[in-house]
Every structure is written in structure tokens, then in C-alpha cells.
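Heads up, the thing below is written out as C-alpha cells.
Chains here go by letter, A, B, C, D, E and F, matching the order in which they are written, and residues are numbered from 1 within each.
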Amino acid sequence: MAQQDGNQGLTHVDEVGAARMVDVSEKRTSARTAIATGIVRTTEEVVGLLRSDELPKGDALATARIAGIMAAKRTPDLVPLCHPIALSGVQVALETGDAEVRITATVRTTDRTGVEMEALTAVTGAGLALHDMIKAVDPAAVLDGVRVERKEGGKTGTWVRDTEEEGQ
Amino acid sequence: MAQQDGNQGLTHVDEVGAARMVDVSEKRTSARTAIATGIVRTTEEVVGLLRSDELPKGDALATARIAGIMAAKRTPDLVPLCHPIALSGVQVALETGDAEVRITATVRTTDRTGVEMEALTAVTGAGLALHDMIKAVDPAAVLDGVRVERKEGGKTGTWVRDTEEEGQ
Amino acid sequence: MAQQDGNQGLTHVDEVGAARMVDVSEKRTSARTAIATGIVRTTEEVVGLLRSDELPKGDALATARIAGIMAAKRTPDLVPLCHPIALSGVQVALETGDAEVRITATVRTTDRTGVEMEALTAVTGAGLALHDMIKAVDPAAVLDGVRVERKEGGKTGTWVRDTEEEGQ
Amino acid sequence: MAQQDGNQGLTHVDEVGAARMVDVSEKRTSARTAIATGIVRTTEEVVGLLRSDELPKGDALATARIAGIMAAKRTPDLVPLCHPIALSGVQVALETGDAEVRITATVRTTDRTGVEMEALTAVTGAGLALHDMIKAVDPAAVLDGVRVERKEGGKTGTWVRDTEEEGQ
Amino acid sequence: MAQQDGNQGLTHVDEVGAARMVDVSEKRTSARTAIATGIVRTTEEVVGLLRSDELPKGDALATARIAGIMAAKRTPDLVPLCHPIALSGVQVALETGDAEVRITATVRTTDRTGVEMEALTAVTGAGLALHDMIKAVDPAAVLDGVRVERKEGGKTGTWVRDTEEEGQ
Amino acid sequence: MAQQDGNQGLTHVDEVGAARMVDVSEKRTSARTAIATGIVRTTEEVVGLLRSDELPKGDALATARIAGIMAAKRTPDLVPLCHPIALSGVQVALETGDAEVRITATVRTTDRTGVEMEALTAVTGAGLALHDMIKAVDPAAVLDGVRVERKEGGKTGTWVRDTEEEGQ
């Protein structure tokens, strides 16, 4: 795994443990990008239904993409200690496999904090929307592996997941 | 896995594929419960920090619990085709393991639809909040296995996950 | 036009003119439906683009449908004196004409107030989303004729727009 | 009509038609203004009630003005692919005619995108609030002609509606 | 002060101290009302400005009334462990004194929990809006005495503040 | 009290009294801080419960801190004429006294407007959350003295409350 700044504690709680929204006013505004992914594991039957829905007016995958984009914008409402920041771009891609749907969210900003939380929130938003649409056919679907793949920009620079460590 | 109603298609899109919020006005108001779980996989170091935070004013785990409860209330804002319903109770439990935190959300309602989406949203809300707080120490943390464990009430009755199928 | 209850003033302001959310606790819970429509007037070129988007992954019309459904759920946040109510179903249909898109929203509830505001809000939500997507090609697009067509249920019963009065 | 940039497709969907929030990180921050208008067509009786409400504590028109201002702030929540941006000023003016209320919204920002969607959303917010307050007296009211009149700032510069084309 | 149910602990945390949204599914739906008050203490000059604003189009007090009503609807978004409930009526009254504005909010529901939090939230919403409007003239304004005056309905029945205890 | 700019009227209403979100596009982006305080007056018994809750997993005070931080982010949704701005840091401190809890909120931004409304909203958010958690034991609790203590930055510079004027 790429080296991270030598932070040894939880920055979101102060010295006595009280939660806070960390002061970033000293941080520089800069272009930042984060990519996060996740997988909805379901059945071949469901993937077949989603694919056959890839016809005119087939809204199932579109609904999940839009849910992901809108969720990214709701990040500061959902994640208590997250800063509200300006997002300059959000993209949510869905790729159907044999019995799963892989979600990739790319979020960009030009602000004082990174956008990995926004990317992760976009992935869970798309994943929840997919789950909602398929739950009548597959109530056992699982949202797995929600994680940051890459982040760029800011003081800590580029971080890329070391994929050899993980099984998935 | 318990049998589900013989629904053969995606109920959230109509016959031509257009997304809709399904009409549930004919459904009966009844007590319903759903339990969902998920796991934040991180490092032993992070779990140590979270545990040592279990001291006076240690807000990290509290922040995640509250994020989960509040996320459950935001479900209709996040999941496009979800009905806005009255929630009569939400509980989010966090259990720290060696290098992970297990999240369990229990949601209750007395309304016309089930609350599995609210329980799943609570799990992802708590998971995202945890990720946010630990990301400076462990940017590689993963939210895994977000899934329904059990749902009770409504026409389809009790559904319990068949745990033998899954590895986790 | 169908007769309305003999209300002679603005019910949303009290006798001295102060705004209020009218007390409906004495009203009976009953099944209610409202249908509202509106038209986005644009160019033939834009309608051609929207139609050619009716291909696999063509999300433009889906985005508008979902925006309409989600807007219906935000009605009490947007309309200051509206009651927050449970919606039991929302459908948003889009029909492309020569140089316009006709929006029809159908909203159902089983609650104490009618849902015409939710249906109108769904129409404007879909109309705004369409406007957003086509504005680079046609900045002059107009959302016209946002109005209730029909409402059913509640004490005042069925109201149907007298279409002979209007030109449109 | 003023010339628009030569965009030939829908910028909000990518080459395969998937919805996205367009990346504007390369755009320059600059002062931008947009003016949008709309008309609530109702009856002389209703306009009389609204005018007589223009007395001490007459909140009806104030409610609509405030609904419009607050709606402008909710634009990114309502319009799925809209960027969340900082608004530096919002004004909503209402002008009563014989049997209609004309709404004019002026929105300003110093950010990376134009604010025509915020201005249009303010107009619909005010229009919906008016509709809500008058619907008991005039359920047939219509929100008409919601459209951008003028936008200034940004790369495309000033755009002014060519009023000779429209009837209104 | 009227006797309260013999609750000896904090009901919103469980036996080990974890926050939860208490399960109210066993509670009966019934008509409930709560009245809360508060006072914005400011200067005679400000009260003069607010009163002179009680002219045609004087929106200052209207803005505060509407802010209070809308805040009541946002209670479950603001108060983490509050149940989302249906509100059947909200009224916010403002009374100007020599150098203060007294706020009274009355909230009604027909649901499973009381509405004192909604009434208190309405008072703070109106108080914050007043503060915002007068802060350029009186940055030292104070919102004082935000408290429940009376609640009716539900199992515990009517509770009325014992006014002799307080000074105010 | 420190001198304020010589504003003689209510800036949030225009010359005819209509509410508006004041245009701040000419204002300079600069670092700004505001500190606000308030007090929840309750009983010794309640303070005892809150303190004994300062044990492992004692979420009561954490819930109030987080409610305050999240409320600060919701300020533009609650205060009708407030500008949506970027917050660069929020801290909410709670101090238990004999029979009260003192709330102090510190909010920072680097934007075009001051953040006193955000600090006041954080105080009321924490106060409402406390009230919610203690209301079963002390329904008579009062939120008192919500006020700005200090603001720094912007054109008007530093303003500090003259504490000799107030009793509290």
C-alpha cells in the first residue's frame, strides 16, 4: 500500500475524544480526484433481467447511475464530520458480469479536501438503488468491496490501492 | 434461501421499462422489521484506536452509530424509487473484531412496505462514517458484505438468510 | 369546471394574514390520487436527440422520470405550507412530440390531504431536469402548462379539469 | 436568438448515453447572473385575495418569495446532474396582473457554472407555493412560461431571449 | 410541574449507553399537540424596524414564521434520534414587545410520538431566521427561553409548565 | 458593544420590504470565524445521568455534539435568506455544570459571508438534541442564551460581545 501521511490517531476526534469537523482553512484549494468501486453480488437471473432492461426506456441501470450521482452530492448530509465541498464532476459506471454488477464512481473537485468520501458515497448510493430494484427477485443480494481505488491531488498526492493484498 | 414471491421481473420498472415508485396503496399497514449487516475491514492498528477511543468522550463509534440512524431516515432521499415511510425504531450496533468492525442495523416500522432498504442504508451510513474517521490512518479500508439478514412482517412473511450459501 | 368547496379566502393564512400549515387532524385518512401535466417546449433538433437517446443506456429521459419521482418526495421541503405525507405510488410518463416533451405525473397516497402539490412538483422536477439536459442545445426551452388534470378521493371528491376552457 | 456554443449533443450523457455530472474543473470561476420568469394564471378573484392580503401580516406573497429563494438553494438536490454551487444572491419578484401573478427570479454566483437552473428552480418553487395557497379557491391554476430570459458571465457570455419568437 | 412517567434513565441510549431511536411500534396512534415558546431579545430600534416592516410586502416577520413552519418539518433531519412523523398542523405566532419578539409554535400530529421536539424546532427555526435578519443592526441579539409550555395527548396525557418555578 | 457598520435598516428586505438573499458577489473571500454559545438549563438529576453516561459507549453527549456539527451544515436549508457557503471547520463543546449544559460552537469558513448563523444553528442543533434525550426525565428543560460571542474576519473585522451588559 502507498505510504500515507504519518497520522497516528483519529483526526476526527480531538485530544479528549470529542468529534469535530477538522479545520481545513489552511489547506490549499487544488484539483482532486477519487475513484471508488464496489460490487453488487446477485444471481444470473437478475443480471439477465437488468441486461434485457438495456432496451429503450430500460431505466433500471439509469436509476442506479443517477442515485449514485445524487448520493455524491448528499455526502455532507450523510457523513457527520465531512466538509461540504463543491463537486466539479461525478461519473458512475456500471458493468454487468455473470452474476454481479460492478460499480465505479469517479468524483472531481477543486477544493480544500479530498473526495474519496464522495466517491464511496456514490458507490453505496448506486448499490442501494440496485438492491432496491432487484430485492423482489433476489433478497439475498450483497453489496461487497466498497473501497477507494485511487485518489489524486492535495498535499498527500496520489494514492493507489495495492491490489495484490486483496483477494476479491 | 427462503422462497420469495414468484415475481419474475423488476417491479420498479413498468412493462416498457420506465422507472416508477410502485403503488402500494392496496397493501396493509403492519408491523415490519428488517435486520441488515455489513463489515468494515481495516487494520489492527485502527481497531486499537477505535477501542482506546471507547473512553470518556470517545465519539468515534458514537458518530458511526448516529450516522447509521440518521441515514435510515434519509432512505427515501437516497434510494430513488423507495417509498417515504414512518420508522418506529432504529438501532445500530457496532462490534469490533481483530481488524474489522461489524455493523448490525435493526429497523422497525408499522407501514405499507418492508424496511430492508432502511436497514441497508443504516449499515452503509455507519460504514461510510467509520471510513471517514479512519481514512487518514487506513485509506485502504473496505466496506464488505452489506446485506439483509432477516425480515419479518408484511404479506411475504419472514425471510431469513440461508447462511450456508455464503462464505463470509 | 367542477364545483369546489365554497372556500372564500386563502386557507393558508389565518384571519390576520399569518401563514400557517392548516390543521388537518380532523380529516379522514383515505385513498387519494392526483394527475398533473406539463409540457417542455423545445426544438425538433432536441427531440431528435432525446429520441436517439432512446437507445441502450440512453439516460436522458430516465433522468427526467427519476427527477420527477424524487421531486414528489421532496414536496414538503419545497412548498412551505404543505403537509409531509406518506406517498404510496408515483409515476412520471414522458411523451415526445414534434418539438416538445409532454410530462404526466400520477401520485397516490392514503393520507389526510390531497396530493395535487406532489403531482405538480413531480412535473416541475421532471421539467427542470429536462431543461438542464437540453439547455446547451436549446437555452430557450420553456416549461409550460403545469397544472392539475384530475384529483380523486377526500371530502371534495373527484375534480376533473374542464378542458374546453383552456386553449393549449 | 443569440448564438449558443456549437454543442451538437446532450452534454449530460456520455458517448454511450450514460448520465453524468459533467466535469467543470477546467472552467474558470467568474461572476454569473441568470434571470428566469414564469406566470401563474389564475382568476381575478384569486388576484383580489392576494392583493387584499397585501396588508399587515399578509404572508401569501411573502411565502411564495421565500419558497422561490429556498428552492434556488435546493437546485442540486432536485436536478440530478446539476453541480452544487455557491449562490451569492437570489431575488424573487412577484407582480400581480388582472388574473395572473408574474414571477421573476434573479440568481447570482461566482462559480464554475451558470445559474440558469437555479433561476428556473426559484421560479417553479415560487409558482408551486402560490399554487398551494390558491388551490382551494382555484384548483385550475396553471404555471406557464417558465423560461430563462437572460444569462450573463462565463465562457459563452451574455444570452438574451429573443422575445419576438414567443407569443406570451 | 406536572408529574412525568417514572422514567429514571435516558431512554435514547440503551443499557450500555449506545444511542438508538426508541422503538415506538407498540404505541397507539393518537392526536397530540405541543406548544413551545422562545424570545428573541434585541433592541428597541430593531423592534421598530420590524414593526415598520409590517407594511405592504413587509416580509421580515413572514420570513421568520415560514422558517419556523419549515423547520418543524425538518425535525427528524436535525434531531438525530427523533422519529419521522406526520405533522397535521403547524402555526408560528410572533408578538413584538418593547425590545423583544416572542415566538409561539403550536404543532399537531396524529401519530405514535409527541411533537414537543417539532414545536421546539419551529421556535428555534423562527428565532434563527429573525437573528439572521436583524444581525446587521443588532449582532448581540439573544434567543432565550426556548421551552415547551404544554403538551397534550398520548399515554402520559397533558403536561403544563409550572410557570411559578421560572423567573422569565 | 463593539461598533457595527452603520446599517440602519434590515438588509434582508429590499426598499419595498420584499425578502431577498443579499448579493454578496462583490465581497471578498476571506477567513472568518464565529463563536456562539447557549445553555440547556435542566436538573441536577439529568446532569448526573449525562455524566454517568460519560462512560464507554455513552452516546448522549456525543449525539448532541454531532447534531450540532450536522446542523451547522444545514444552515442554508433552515435559515431562508442565508447563503450556502463552504464550512472549513466546526467544533461543538459541551460543558456540564450543576444543573445545566453549556454549549459552545466554533465555525470557520473561507468564503464571502460570516458564519455567525452557522455557529448559532450549531448551538440550537446541539441544544435540541440534548432536549430530545432528556425530555422524558425533565420535560421542563430550557434552551437559554443562544447568542454570538465573537466573530472575526470580513470587512467589519472582529466583534466581541460586551459581557458586562448581559446578566446571565
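As a convention for this text, contacts are C-beta pairs under 8 Å (C-beta built on N, C-alpha and C of every residue); 3 or more make two chains touch, one makes a residue touch a chain.
In this text the structure is predicted, and so the values were computed from the model without any measurement.
K.L.:
Going by the touch criterion stated earlier, list every chain that contacts chain A and also contacts chain F.
P.N.:
B, D
K.L.:
Suppose you hop from chain A to any chain it touches, then on again the same way; how many hops at least until you reach chain D?
P.N.:
Shortest path length, in steps: 1.
K.L.:
Any idea whether C-E or B-F has more C-beta pairs in contact?
P.N.:
By number of C-beta pairs in contact, C-E is the larger.
K.L.:
Can you name the chain that lies farthest from chain B, using the mean of each chain's Cα atoms as its centre?
P.N.:
Measuring from the centre of chain B, the most distant chain centre belongs to D.
K.L.:
Just the number, please: Cα centre separation of chain C and chain D in whole Å.
P.N.:
16
K.L.:
Between chain B and chain C, what is the separation of their C-alpha centroids in Å?
P.N.:
Roughly 32 Å, centre to centre.
K.L.:
Nearest whole angstrom, what separates the Cα centre of chain A from the Cα centre of chain E?
P.N.:
Between these chains, centre-to-centre, one finds 37 Å.
K.L.:
Considering chain E alone, which of its residues make contact with at least two other chains?
P.N.:
18-19, 55-59, 62-63, 65-66, 70, 74, 77, 80-81, 86
K.L.:
Every touching chain pair, please?
P.N.:
A-B, A-C, A-D, A-F, B-C, B-E, B-F, C-D, C-E, D-E, D-F, E-F
K.L.:
Give the list of chain F residues in touch with chain B in this complex.
P.N.:
Spelled out, the residues of chain F in touch with chain B are 54-59, 61-63, 65-67, 70.
K.L.:
Could you pull out which chain C residues touch chain E in their complex?
P.N.:
14, 18-25, 27, 76-77, 80-81, 83-86, 111-112
K.L.:
Going by the contact rule at the top, pick out the chain F residues touching chain A in the complex.
P.N.:
Touch residues, chain F against chain A: 31, 62, 65-66, 69-70, 72-74, 86-93, 108-110.
K.L.:
Under the stated contact criterion, what part of chain D meets chain C in this complex?
P.N.:
It comes out as residues 1, 4-5, 7-13, 16-19, 38, 49-50, 53, 55-60, 62-63, 66-67, 70-71, 74, 77-82, 116-117, 120-121, 124-125, 127-129, 131-137, 139-148, 151, 159, 161-162, 165-166.
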